[in-house]
Amino acid sequence: MSRSPIVSPLRRVNWGVVLTALPLLVWIVGLVLWPQLGLLLQSFYKVGGDTVTLANYLSIFQDSDLIFLRVFGKTLLYTLAIAALTLIVAYPMAFILAKVLKGRQKLVFILLLATPFWVNELIRVYAWIGLLRETGVVNYLLVDVLRVLPAPIEFLYNDIAMLVVFVYSFLLLMLLPIYSSLDGLDDTLIQAAQNLGADRISVFRYVVWPASLPGVTSGLILVFTLSFSNYLIPTLVGGKSSLWVTQLIYNRFVVATNWNLGAAYSFILLAIASLVVWGLLKLTGQSLKKVLGS
Amino acid sequence: MLKRRNLFSLTVWACVILTTACSGTTTDTAATDADTAATGDELGGTLRLLTWEGYAPDELIAKFEEETGVDVEVTYIADNGEIISKLKATGGEGYDLASPSVDNVKLAQEQFNIYQPIDMSRIENPDVLVQSLAEKVAEYSTVDGEVYSVPAVWGTSGLIVNTAEAPEVKSYKDLCDPQFAGRVTYRSRFPTFAGAMLALGYDPFKFSLEEPENVDGWRAMMEEAYTYLVDCKSNVKTYWTSRQENIDLMAKGETYLSQGWDGTGWVLSQENPDIKFIAPVEGALGWVDTFTIPAGAKNLDAVYAFINFMYRPENAGELTKGGGFLSPVKGSTDYWPEEIKVLVEESFPESALNNIQWYAPRPAAFDEVVNEYVEKLQVAEAN
Amino acid sequence: MNPISSPSPARLATPFALPWAKLLRWIYVALFLLYLYLPLGIVALLAFNDSDLPALPWRGFTLDWFFDPTGDRKGIFNDPQMLGAMGTSLLVALGVTALCLVVGTTAAFLFERYPFPGSAALYFAMVATIVIPGVILGVALLSTGNLVITVLRDWLGRPFVSAIGLSSLLRPGLFLVILGQFSFIGALATIIIAGRLRRFPIEQERAAMDLGATRFQAILRVTVPYLMPALVSAGVVSFLSSFENFNTTLFLIGNQPTLPILFFSRLRFEITPQINAVSVLLMVGAMSLGLLSLLLGRRNSPEG
Amino acid sequence: MTDAVDVELRDITKAFGDFTAVRDVSFAVPRGTFFSILGPSGCGKTTLLNLISGFQEPTAGEVWIAGQRVNGVPPNRRKVNMVFQRLALFPLMTVFDNVAFGLRMAKVPQAQVRSRVMAMLETVGLTGMERRLPSQLSGGQQQRVAIARCLVLEPAVVLLDEPLSALDLKLREHMKLQLKHLQREVGTTFVYITHDQSEAMVMSDRIAVMNEGQVLQVGAPDEIYSLPCHPFVASFVGESNTFQGTVVELSEDSAIVKDGAVQMQLSRTPDMAVGQSYLQFLRPENVRLLPLDGDRDRPENQVRGRVQSVIFDGAIVRCLVNIGRDRPLTTLFTRGTTQAVPYVGETVRLGWRAADVIAFPAQHRDQMMQLQKAQFAEV
């Protein structure tokens, strides 16, 4: 008879596993699920009311101007655009980092690329305001120093400025996962493809791109979710027509003190964000665990 | 029975517990004191303020602490909603004194029961207050016959004008004058709607006091103001979201005309004399921030000591001498520097003072309408 | 994992091999770095500008915004509020980092080694914390804390709850801030640690046990050293994420503001180059931490 | 067959900065041959391969493939295909897709791709495996996929970069023969890189031996083994007893060279002079055990010694005999043929013919040491 090292869970409680599991359980249940469940419950009550209702969720369709849906749609569209733009800007750098730079040069570059990410978000945003505003540095350079422009232009307070700052803020979150999956790509695979007759484009399409896909997916998910739930950038940079879904939620929680409606909004946000993440994973044929573990 | 191999997990747990214990003891001992050392004969303990940046300057706090032996801790907030949210989340506990604007108090109290009534007998010298203001605050913050607030500081919002670029401005309507296209800034909040309503000939404050049930009427008014502001949107460079943003836009000359606080205008005047704060012909919008005691306040002795301390004219003068806001305490201006006095007097001749339109408490239903239109305005495309 | 490390022929075979492509590549890199550093460079520059506003033009070099001797300009090292906020941020960040490392390691072990029914759901819940807007995490935690206090008071009576200090722990304050930040930063730490644990050749642990080590000893002597690069980078990521967190902290903070919270209220009220000076400190700090994590991570990595 | 040439290198030099990896290399690979480039690691053979495949461009000289000069032609346009050392199979593609990759790159019609891939898989014995991923195959099967992936393109030349080095011994022995047969069968020119002289010997039609960036000798395996024209070739290819001695006496067709206590006669070459230093190589199989007293068989050189150890390696017996030098003399013979296997400690008489000694003038004193290092570096 073979003595299996795996003890039957019925016979004997594995205290080691239980004790290892406890911190995680306390964390996820106590600090995440329970509070969120509390909010979820609240979302089924009217403010000050005590009967369960779907009114908060239905209200988004009942508003004559469909503000929530419009803002939500716009935010969704923009966050997808931000994720795509960030990918385009970051991909070549990730490639250069993984496949062109070597040794010490590579180390220096990683450090150089990572540092701006750790400066406080507020400061980064204010730095961009200082650059782009009508009396800002860019205009100063263009008008007073280079004399390219006759008069300053307002670069701030529009959607393009917002995109620029968003991409800036999340560049590293795209770059690093792609870099790490490309770094794992054996150089000889590129050679093999070339050797078998593939031109540059085919090498990219059949070898480099598939290898980077887990990183790309991971980057897209991170950038998408974080810009979806960002508050500062649209508020400070976006100008007068760029209402973001988080601003709606913030308004409900803080300005209107209507937590019930705010909670409903945030669960819609969570649901849609999860749906998009799921869609991205399906589209790229990746699994969440694989993508985040890379 | 635990076996040896479970040591790993045990160590981990020990670490978790230690971290928890450490952060707990090092950070919140003061608050624990306040919990226990509630009422003694001697003043002391802690006073936890929930207030706006600028309302608790270091010098004054130091003076108060020295006089009373009370340890003051300040938490700053940036929005009335933050006060309400925090107190709502804690059931009115965690703070001893808050400074919501008076028009917020009644609704918050009715909805969430987060404040406690003021014991007027413990205000040492109520006569030192400007009576009209004190009465207004009492009126606006009365719930079930109990008064919940006394005035702390007040101010107005009106027009901040760069007179070099826009010499003729005097009405809220000028914000929408096409000659200032792209050179105007204001908030996308209720004050802007209030200004627009006044410009259109309505009185939103009287309406909300006299017809609190008439939501449809309120909506109609808001709708009209909204249409007006959408038309005006192309004039706006951006909606400012903080005092400093307003200052930057005006000081750098990126905008000429702004709807903003008087204090902001006076700060700008000191840097650039061309910039002035003007009470518009429709009337400046008057706000009052208050002393309001959260329901779970612990150290009431210190609370009233602090209120009385701030009602001493020399302290009130010290608080407001920077020109950011005004004090309801008579004689506080005696402690002001001359240049601030001049600025304030210039902005508020007698007629303008009498014409201040005070924010009045609004029913919850009105606020919902306001929020809806505030957002609609932000979504709307500029014409 | 590492492929042959001989002078790699792929350098020539990359899709950028043509001379003009090489030029294009360096132009791209230069633009990229410009994009990254122009805003921060100007922020840093203005920390040394002898002007009361953080704006160009240049009016001469000064260190006033760091160490103002006169007191007119509040140099950050003469500003107790700013120093206090830095201290608070440091304390919070250390607390969060400690929690993240400990809990993150156990969670990683659990997810990688002991898959149990519902572990996928738990993993998803953990990852979801990254998506939930920070403000909402904070508000939810705050109201849950309040609920706990209320319920405990009803059960145990007010004096007892006060005596064990629970009520003050679960009110806005640093303890809640640490918990709130940890609730989502922990997910980042777990992901990083789990990623490396997955690549750990488990035979090594078995070999250690075969040679007489207990499971605990095997993990401590063999697995943990292998995880060290991941622990270092998870630590650095946790520390820096905590240090710059604003959204979650906003609602949980009591009377001791962290640096971002202080920034926020200062920036709304007035802007002076003091903010720039702090930014310079933060950049230097972040760079040193990054350097540390890279060097340690590299040195300790058995994969070279 | 005609003397068509598939690969020709003309005075190729490749430098990386100060370091010259390949120096003045010229050789031609006749069509249809199994051609090996043999040399220790770092000798420049991989560089040579990269120059042929196009991953690197020579600093000087010309590369010709199938009658065309290909300098400057990118790797994907050269009619050479490569089997990589670590095979470089695309991990995310099935066996079929791996093999079909090159055809698809060449825009071959879909139907034709299918039939050609299937035919090729049959040739290499992988029918039925086409839907598997490379990670689901054994080492030998992966090997065959890598080769099939090249052959399906019907290239002029297949380059193989030590493809057997990752396999275990038994499989390697098996694959050697398989490769050889496959090459015979398809008739494609193979250029095979290896540091393992036995691989080169077993499989090749011709071998080029390289060291320090230079090709030292090109020839058939037998020729390389029995008539090395460079001391490095003699020491690197096959096993040798080595001596370094000085010419003490010359006669018309022979010379006497003395290395310490040992003195031996060898065939004279025209440029030999007394006092000159020489390296001598003696294959162990040419050293014979002689009967202690017999004189039937009298090779020119004879020496007595004590058996130090006896090593059985299958059919081969190897005796190490102490003849008073610092290193023992090795002799090899097949078991059960000539004589009984001696026992350790036994005194024996060894002899070899003068014609079996291969000698080269020694360039400098320590050359021997270096050669020995080169020989053992790969083991």
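Before moving on, here are some points about what is shown:
Going in written order, the chains are labelled A, B, C and D, and every chain counts its residues from 1.
The rule is simple: contacts are C-beta pairs under 8 Å (C-beta built on N, C-alpha and C of every residue); 3 or more make two chains touch, one makes a residue touch a chain.
All values derive from a computational prediction rather than experimental measurement.
By the document's definition of touch, common neighbours of chain B and chain C comprise A.
Think of each touching pair as a link: the shortest run of links from chain B to chain D has 2 of them. By number of C-beta pairs in contact, the leading pair of chains is A-C. With centres defined as mean CA coordinates, chain D is found 57 Å away from chain C. Centroids of chain A and chain B (each the mean of its C-alpha atoms) stand 34 Å apart. With centres defined as mean CA coordinates, chain C is found 16 Å away from chain A.
In chain B, the residues that touch at least two other chains are 5-6, 8-9, 12, 16, 82, 85, 88, 245, 248, 252.
Residue positions of chain C touching 2 or more other chains: 3-4, 9-10, 13, 55, 102-103, 106, 139, 143, 215, 264, 267, 271.
Shared contact sites, meaning residues of chain A that touch two or more other chains, fall at 16, 20, 23, 135, 186, 188, 191, 194, 253-254, 259.
Against chain A, in their complex, chain C makes its touches with residues 1, 3-4, 8-11, 13-16, 25, 28-29, 32-33, 35-40, 42-43, 46, 54-57, 102-103, 106-107, 109-110, 114, 116, 122-137, 139-141, 143-144, 147, 179-180, 182-183, 186, 191, 194-195, 198, 215, 240, 243-244, 246-247, 259-260, 263-264, 267, 271, 275, 279, 282-283, 286-287, 289-291, 294, 298. Against chain C, the residues of chain A that register as touching in their complex are 16-17, 20-21, 23-25, 27-28, 31-36, 38-39, 89, 92-93, 96, 99-100, 102, 107, 110-116, 118-124, 126-128, 130-131, 135, 137, 140, 168, 171, 184, 186-188, 190-191, 194, 200, 203-204, 208, 222, 225-226, 228-229, 231-232, 246, 249-250, 253-254, 259, 262-263, 266, 269-270, 273-274, 277, 288-289, 292-294. Against chain A, the residues of chain D that register as touching in their complex are 53-55, 74-77, 80-82, 84-86, 88-90, 92-93, 101-102, 105-106, 149-150, 153. Interface residues of chain A facing chain B in the complex, by the touch rule stated above, are 15-16, 18-20, 22-23, 47-48, 63, 65, 67, 70-71, 133-135, 154, 156-157, 235-236, 239-243, 247-248, 251-259.
On the side of chain B, the complex with chain C involves touching residues 4-9, 12, 15-16, 19-20, 22-24, 26-28, 31-32, 34-36, 48-49, 53-54, 58, 73-76, 78, 82, 85-86, 88-91, 93-94, 242-245, 247-248, 252.
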